[in-house]
Every structure is written in structure tokens, then in C-alpha cells.
Amino acid sequence: MSRGIILVDPLPRTLDLIMAPDVRERLERLGDVVISEERHMPAEQVEELLPETVLIFGQTDMPKERLAKAANLKAIINVESNFLPNIDYQTCVERGIWVITPAAAFASPVAEAALGMALDLARGITKADREFRTGVEEYGLAGNRDTFRFAGASVGIIGFGDLGRQLRELIRPFRNTVRVFDPWLPTEIIRSADCIPATLDELLSESQVVFVFASVTTENEGFLGAREFQLMKPGSAFLLMSRAAVVDFPAMLKAAETGHIRVATDVFPVEPVTADDPVRAMPDVLLSAHRTGGTRDAFFALGSMAVADAELIMRGLPPQLCRRADPATASRLRSKPVSVS
Amino acid sequence: MSRGIILVDPLPRTLDLIMAPDVRERLERLGDVVISEERHMPAEQVEELLPETVLIFGQTDMPKERLAKAANLKAIINVESNFLPNIDYQTCVERGIWVITPAAAFASPVAEAALGMALDLARGITKADREFRTGVEEYGLAGNRDTFRFAGASVGIIGFGDLGRQLRELIRPFRNTVRVFDPWLPTEIIRSADCIPATLDELLSESQVVFVFASVTTENEGFLGAREFQLMKPGSAFLLMSRAAVVDFPAMLKAAETGHIRVATDVFPVEPVTADDPVRAMPDVLLSAHRTGGTRDAFFALGSMAVADAELIMRGLPPQLCRRADPATASRLRSKPVSVS
Amino acid sequence: MSRGIILVDPLPRTLDLIMAPDVRERLERLGDVVISEERHMPAEQVEELLPETVLIFGQTDMPKERLAKAANLKAIINVESNFLPNIDYQTCVERGIWVITPAAAFASPVAEAALGMALDLARGITKADREFRTGVEEYGLAGNRDTFRFAGASVGIIGFGDLGRQLRELIRPFRNTVRVFDPWLPTEIIRSADCIPATLDELLSESQVVFVFASVTTENEGFLGAREFQLMKPGSAFLLMSRAAVVDFPAMLKAAETGHIRVATDVFPVEPVTADDPVRAMPDVLLSAHRTGGTRDAFFALGSMAVADAELIMRGLPPQLCRRADPATASRLRSKPVSVS
Amino acid sequence: MSRGIILVDPLPRTLDLIMAPDVRERLERLGDVVISEERHMPAEQVEELLPETVLIFGQTDMPKERLAKAANLKAIINVESNFLPNIDYQTCVERGIWVITPAAAFASPVAEAALGMALDLARGITKADREFRTGVEEYGLAGNRDTFRFAGASVGIIGFGDLGRQLRELIRPFRNTVRVFDPWLPTEIIRSADCIPATLDELLSESQVVFVFASVTTENEGFLGAREFQLMKPGSAFLLMSRAAVVDFPAMLKAAETGHIRVATDVFPVEPVTADDPVRAMPDVLLSAHRTGGTRDAFFALGSMAVADAELIMRGLPPQLCRRADPATASRLRSKPVSVS
């Protein structure tokens, strides 16, 4: 049997970034690998390869016309991790072409960092270190004036996908009461994770620590604004782990500046943040430069999940690790493509 | 039945510090409470009260002669949390007088902070925040050059008492391989917590993250020195959570300064640390001013554990929450009494 | 907006069997419910309703011609829990009509019973009760001659879908080494549940307790036969929880009869079992009359999962609780439809 | 240094019963082992050995006079697992002689069997097997008429020592609400195991499954009688795992006979049970011949825990695995010595 072509067009990723050598070998066993990673694969090359192509790893444009040429295509595997509007999803569905992405690869490092940053806000770790360096540290009980225990604190999770669920598992030993707000999910899923389904307002007003893992959709941009921050308990912690666009960023910083809440954020409206952005000097904001997900192991997981599912698909089995693009929800998502990896 | 006296001599603690109002009420139901908390109870008062005293809460000197006068004494409950050599332990044992301390009250906040600080060293949280403030932050993968994942990292725990065991429970979701060094324990206890009994050298050379919870004894002062730090993996993390005296402190700082390891410490040889101590400027040391244990809830737990056990003792039952002074080991302990709470 | 029709054709289920009153109310809020539960809905009624039908709950035949008439149909929800070949799956996929089933409703009661039966085989519970009734019981150590501890025993799980994964969670406190054989899954999923991916032969020869949760497919009928039972350790336990057709049933009984293994089975090649079937007298077979899944709560879960996903689908969101029919795998499944509930 | 004598007088145990070869070697490294296991060690031999004896493994009488002769004795380790009134406990305390027993060795097998028997009563496993053998089995839902799910059922635990706590850990995945009645414990311990402290009456009236692990004391013989069984919910399950004397046995059987509750018992007022005891024919009692604790591994654990603690004691450290005899509570215990192992 002649082997099909595997078209690899992974920018802004590269194959070395996302595949350890053993995973790359597994990829090469699946077909003849053709790679373009210094630039997006040129149109003519794509179109020439399509008739023999069985798998695409990357974010290549795949409108109806191109799909028509790709008679043997079994799957398009987005390795950037956000579905884009450059694919004719409906045709893929009709043809039985899987469109999937190993987005969950980032859940584990982000959830781990989210817990680290929550413990930091609760116990004042970074702030105490900063005070120590300027000679104004306080010892013992005095050094705990503004701290609270994360153990037993009420927790709210906004957005209960891969990230929210992994965070929930990590905090089990702390025995928190956990409320979840996720309008895309049935309450059964929330309850089966030993959490309480809540409205957004209940969650904000009852939680000592609020984690935001929500994706941006056409419907939720800036849904966390001044009114919502005002609902939060004085002294509570707010951790923004997903996308800056889901919050009214100035309102969030204002709530931190007045001392009403303490904030940790991994994302910013514009990245890199400008040199003179006043956020750099705010004492009650823990700053992280969009770095909680991008660990070495996470990029390798991206590749190994993609290849493992490709192996299943080549055997005629459904993928098990990647997320599938549901045409209906894919069209609601509004993430900006990543430009830095 | 006439009620006995409860002698409360808690310095450096005070009753308000360690007992919430409901716990204090429970205390008062057990007998007539006599308190000296602005100064140590004067000798004459102690000696006058002893014949009717049933319980002592505090660190009052209790040599053989005083015990002889305390015919009704059932228990001495140290509320500072370190046993001192000012009690005739042998006489207490012979008389069936419990000598106990609710030391485990501090285990929960210390373990929580230890995990927070370990996540901080692994993922570079405080350091990244500091870089952000000086405008040299790096984004995404570049910002993770010196980080490692705590999940799955090999962990070593030195000293497997209340603190070590609570930390072990907190990190279960991270699925680490955990080695334990504790020469006072049988391997059965270590294995039953899903840990691997190890020699000190094995633990140091195999672990990516090392937690020190060991008490100081007559035998282990400075047992972690230059040789031991050299055994550690390059880039690994060392967290000193118990007593400064168990390490050779300058050797530890040297190992951090050369970049061989990263360090977090909650304790220092002299506290408060002097204003010009160079430790204040070391980039690879996370600084905490002996504040991981001294949380509001921990002091209340100290009191509620003490009272709960006193209730059992007054019913003729053995205590369940406090640690008992074993004369043999009590004499080996060498903790300095706490002077700041 | 006029409400659509919800066509309910649930035989062999009935609506009362699968929906508690509150769930039925939720169903009725989604559209106008038309039910046929004493017989399959007659063809003329189905065809008359189809143009206005938005949801089908049941196992109604839906070939291409009928789908063509159902212009508003959003989902077909099989409430029997096995996909049948009476639907044109490809057309459903092309049209974006969800075809789903709440099969996981049975996972929880089956996994619980599987653990109960495994503890029974390991510790000899039913057998010891039977001996007690005939006056030949043995006490203490003598009564444990043929027992083994489930805690710490090596476990093998064949088929790692909902049932196998729930069983895996239930046995966590017993700290078994768990091997999994499931050729439809990537090893990543098996490892992430703290199990070891294994070949069938490895699993059989290394495990003290083997659980079978595999579905019947066109490819695996009778795949556990005399050769496979011979691979098992003497005295080990074999639990058949899914479908009789995956084993060579006589070979399984033979292996039990010779004393090589002990067996528990919830399924039989022909049900009800004939009155004179010799299996009824076999001492080393624990007998269960296809009753581990069919608990009161499981049937209600079937209904509540179906309705919760219908609610999402009516909001334009993807289902979250039910399993989706993948055309490729649906055609490989060969379960007999259930005739008794 | 000359080695001391280890006096081994283990009846009704034998050394082979309780020590695997590697543990026995560890024992022999601690001193010169002198064994009497076909009969209790004769008085003259005991008295001759005492001056050089450092450790006693067994149930040798040790009144004041004998202790006076045992100047080097460090510990008496009861290997039968119930403290007896044949030791002068007060003198041991005064002398610092440890009196300990590895009773917890039986907790793991008993807790495992208790869960097996609870699943059996809830899901009707043994009863369904019996019906199958007599040809009256029922399939599917009909076969579940009298069953309930253990998952999520309310659980009550009477007696929260080693056994109760291990059971509690085993049932965590089932997410039960767990009430505990134990008058010897502070509520803090019960709450820290995620259980609810309850009065006996609350526990009995609220729980679907009641486990009894309580020891017999001078105060609680027969404390579970007709009134208490009447408090239980109809159809609930009662599991007697510790000592027959804590219940009014005829009242318990009566409650099962009338169909009010279902019962499982591992213990009986007289063992062996007489041949014509009507309990042998009761359909709603699951019968176990005092065999849940006496597994091969439990006896070996008895020995290895005893030796591990002996090793610590010989190093001057406190024991960590065995239970200590508290003179006050030891005198309240009223277990009959075991005559069969």
C-alpha cells in the first residue's frame, strides 16, 4: 500500500518545539512527512500535495475548494490550539474529516501555576519576599495581617473546561467549597466534580478566591467589569488565567488599586506590555507574562497528543485526546491567534 | 463536687491569641480558670494554686518539688508547642500526669505555604513578578527557560512528622515520586504514605524538590552542609521550613548564590534578620520572615486542640490531638523557645 | 415562536422508568411531548410528526427518507443505550443532527457491583456464607485458606470506557497495580488514570483479578477463550461484567470447574438461563442475573442525562453527558438490543 | 556489649504464624531469642530469663514481682492484640517499660471485608447467587427490587479507631455522608476525616448502612439492643465487625427476621456456632465465621509491626506502629482472649 502524505504546516509552532524525537518517529511511521516551518506552506505546494494528503498538522487554510481536492484527507490537526475561521467546518463534518486540536496540553501547567499564584495571593508569598528585600518584613503573626488560608477558603471557578477541571483536581486536598459558573455545561458535570453550580453573581459574592479560565466568545467579551468586581468580598483574590478580553481590564486594576481585591494575571490586553504601563508598579497585582502555559513539557504534550490521535484516526478509530471542533461552538470562539510561542 | 483550678500561664501566648470565644467557654466549663498573661505567673501564686490545680495550660516550671504539691494535677499542656527542660518528665510519667502540646496546629499552614513556595521556585512566580516590575519580563516559552513542572517532579521530604505528612497529602494530585528521610521512623510508616524510605544522600541526589521539616536535636545540628548541597541536582529546589539550625546556613546561601540550587527559607539563624544582611539581595532565595506557621487560624487551633484534649483527660480518657512528651525524645530536642508569636 | 415536537418512542423503556417527575417537567419545557410507550410508534404517526419534530427520544427507525422529512430535527437520543443499525448515521452527521445515548448511566452501578463481586471472590464472602448454612464453616485463619487480599492485588481491566474508568476510581484506596488492555485507546489515556497499558496476554498472566468491561464488536467475539484462561494465574479471579459474547463461555466455566480460576458473571449466552443449566451448581462461579446495571437510580440517570443534553442542544450547544455515535465505530458494535429492562 | 534476651511466649500465636523469614531475621538481630510456643513458657524459665530480658513478645504474666526482676526490660509486646489484666501497667509506666500491641494489623483486612459485605447487603450479591442456584433468580430491574446503591448512601460508623478509619478511607470514592459515633474521641478527629460527629441515636436513624467497629468495654456491653435496631431505617444494613458482646444478639437477629433491617456479622456470642443454631437458616443475615481479620498477611503484619517498633525501642526511640496500653483505658477493655487464631 502506498503511504499517504502528512502535510505539516505548524507555524507559529515548529516540529522540534512540539515533538520529542520518539514522537516524531511515530509521526513518520504514519506517512510521508512534508514540512514547511520557516514560513506558511506556499499555496502551490499545498495544492499539489492535497490529493495524496491523509493528515494535516497545522493551521493551513482549508476552504471548500481545497477540501474538494483532498480526497484522502482524514484529519486536520490544529497544533496552535485555537480553532480559526479558515476551515470549511461543515464540509469536514459531512466528509467525516476530523478537525481537532490538542488544546488540553496546556491545562496541566496552567492549573499548576494557577494554584501557585492562588497560594501566593492568599499567603502573601511574593509580597512578603518584596518587603524582605526592602527591609520592612514582619515576623510571625504580624507578618500574616493580610493573609488568609487557602485551605478551606471558598473557591469560585469561572469556565469549567480542561483548565478549570484540572485546577479542581489539584485543590482537592485543601477541602474548599467550590462554586462553578459555566453556562455551556449541564449542572450534572459540575456536581459530579463535587462542585456547586452557581450563577456568576453568587460565585463572585461568595468566593474568597476566584479563578477565571473562560474562553472569549462573541458573547462574553468584558463580562467581568466594575459591577462584578464590586460584588467580590473585600480582600478576596481574583486570578485571570485565560484571556484578557473576558475582563474589563482597567476595572480589574482599579479594584486592586483601591485595595478591594488582590489580583494575579497571566494575560494582558496588549502583549508585550508597554514599558511605562502603570500595572508594573501595582503592589496588589501579581504579574505573569503569559507564561503559565508555555512550558517545555506542554509543547511536547501538544505534539504527542496530536500524534496519538492521528494514530487512532489512521486505524479508523475516533480520536480520544484532542478536542473536536463543533461547528456551532467553533464559530462563537474569538481567541486571537497566538503570535509568540 | 468542687471544681478544680485551671492554671493558665501561657506566655509568649495569650489566651485571646489562642482561643476563640467558644473555645474559651469550653475551657471555663472544665474548672476555675486563673490566668497570668502579662507576666509569667509569680512563684508564690503558682505554689498557692497547685494543690487545687487539675490542669496547667502554659510553660510553668514544674520541678519535682512543685509536682509533689500538685496532688490533683492531671495534665500540663504546653501552648507554646516546644517541650522545655523545666519539667520533671519522669515524675509526670510515674504519676500519670499527661504532658502534651498541640504542636500539630502549625502543620496545616506550614504545609500549605511550603507547597506555595515550592510551586514558586519551580515555576518562577516571584522572580517573574520581580522581572516584570523592572521591565525585563519574558513571555511564553522564553519566560520558562529556568522553570520546571512541579507535577511529576521527584520530591524529597526530610523529617516526616505532622508537617511532612501534611505536605505529602497536599501534593498527592501532583503525582510526584516522594522519598522520605526520617531516622526516627520505621519504614512501614513511610511506605504506608506511598513514599520511598531513603537515605539522606539518596534523597538529596535524586530529588528535584527537597523540603526540610526536621526538628533540631542534640544530634542533627547543621547536618545539611556544603557536602549535602553539592549532592543536589543542578537547578533543584531546597525549602527550609523548620529550624535554621539544621542547616549550615552560609553553605546553603552559597549553593544558591552559585546558581547550583534555588532556595526558599522561612527561618534564619538570627531573627529578626539584620538590616544589612546580604541575604536580602540574593535573587535565587525566596524570603519568608518566619511567617508560614503563625496564621490566625493556627493559633486558634492551638487553643482548640488543647481544650479538646483537656476535656478528654478530665473524663479519664487519653488525649487524642496533642503530642505527648516522651521523656527519652524530649531530652533530645533542642528548639529555642519562641520569643515572637 | 411555536414549540417543536418531542417524539418519545422509548421501548423497551418507558418514560416513568427513566424520568423522575422533575426531569419529566424539564423535558416538557423543551417542546410538545408525544409519547408511544405501549408499542413502537406506528409508522404513519412518526411520519406525520416528523416535519415538526425537534428531538427524538427513543429507537425509532430513521432511514434517509425519514430524515429527509425531519427538517427541524436536532437530535436523536437513544434511551436503550446501544446504537442500532436503523439510523442513517452519515446523513445525521452531514445535517448536524446529534445521535447520542446516555450509556454511561449504567457505569456507576456496574462498577460498584463489580467491586463488590471482586471483594467477594477475593475474600470468599458468598462461599463462606454458603458453607456456614451447611454447617461446614471454618473460623479465623483456617477460614481464609483460599482467600487473598484485594488490597494490593494486581488488577487487570479489559475495556477502558466508562465502566472500566469508574471501577478504576473506586479501587484507588486499595492501591493495586492496574493493567489495562483497550486497543481503541491511546496509551496516554491509560497512563493518565495511573494504569499500565498492557497487551492482553501480559494482563492475563500478571493479574490476580481480571475485570471484563469490553463491548462486543465484529472483531472480538469470543476473544477470551481456553488459551486465555490458561494464561491466568492459578487462583485468580475473572469477572465478566459486559457481554457474554466476548468470552468462550464453556471455556470460562471449564476453567472455574477445574479450580484453576474463580469466576463471577453478570451475563450469560442465553438469558434467562435454562432451569437445568449446570452453571447453577458450580461452586466457584458467583452468579448474577444481568442485574448489576439495572438499578432504579441508573434508569433515572438515563433520563436525566438525556434531558440535560437535550437542553444544551436546544440552546445550540454540544451535548456533554451522552456518548456520540461515531459512524465508523457504531458500525463495528454488535450488541444485541436489550429485551428486558 | 553482651546481647540481651528476647523472651518469646506468643500463644495462641506461633512465631511462624506472625513472622515471615525476613522479619524473623530482624528479630534475631535484636538479641538472643528464647521461644516457648507449644505451651506457655513455664514460670521457672521465665523467672530465670528475666534478669537478662530486654524484650518480651507475648502475653506472659508480668505482675509487680516479676517486673522487679526484669531490670533491663524495655518493652512488652502483646502479639495476641488485646491487652490483658495480667500486667502491672502502673509499674511499667513508672519504669518506662513500653507495653504495646500491633492491633492495627487487623484493621486493613477487616475494613476491606466490611466494605465487601456492605456492598453485598446493598446490592444483594450473596442472596442473588443463592436464588440463582435454586432457580428463582430475577433479571434486570426486577432483580433489584430490594437493592440500594452503596454510592451516595448515608453511612454510620460506630467506633472510630483503626478499623473505622480504614473503612472510611476505603469508601471515599463512594461519596457517602458519613456519621461517626465514638464517645472516646474529640469531634476534631472525626471532622478531620470528613465525617460528622453524631449521637448514637442520630447515627442509627439517619444511616442507610451502619458499621460497628466498637470494642467491648465495661460500659458498653449490649448497648445496641431492640430499641436501637428499631431506630434504624427500614431496609437499612447493619454490619457487626468487632465483638458480639456490644450488641444484644437476639434483638439483632429479630430485627433481621422481621425484615426491618438486613444484617452481616463476623462474630457470634459463642464460637464455633452450634450446629443447630437457627441463625444458619436466616435469609437476611450474611454469615462470616470470625474470618475477616485472620488473613495470612494480617498475621505477618502483626509480627512486622511488632519487630519494627522493637527496633525503635532498642534505639531509645518511641514506638510508632503499635498501640500503647494506657493504664486507664486498658482497665476498661473487656475483650475475651482469642482462643483460635
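Assorted remarks:
Letters A, B, C and D mark the chains as written, and numbering starts fresh at 1 in each.
By our rule, contacts are C-beta pairs under 8 Å (C-beta built on N, C-alpha and C of every residue); 3 or more make two chains touch, one makes a residue touch a chain.
Note that the structure is a prediction, hence the values are computed from the model and not measured.
Note on C-D: across the candidates A-C, B-D or A-B, the interface recurring with over half of the contact pairs conserved by residue number is A-B. Distance from the subunit B centre to the subunit D centre is 34 Å, each centre being the mean of its Cα atoms. With centres taken as mean Cα positions, subunit B sits 38 Å from subunit A.
For this pair, subunit B with subunit C, the centres built from the Cα atoms lie 51 Å apart. Touching of two or more other chains is recorded for no residue of subunit B.
Chain contacts in this assembly form a single closed ring in which each chain touches exactly two others. Subunit C meets subunit A in the complex at residues 90, 93-94, 96, 184-189, 304-305, 308-309, 311-312, 316-318, 320-321, 326-329. Subunit C meets subunit D in the complex at residues 17, 108-109, 112-113, 115-117, 119-120, 122-123, 125-126, 128-130, 132-133, 135, 137-141, 143-144, 147, 149-151, 169-174, 271-273, 275, 280-281, 286-292, 294-297, 299, 340-341.
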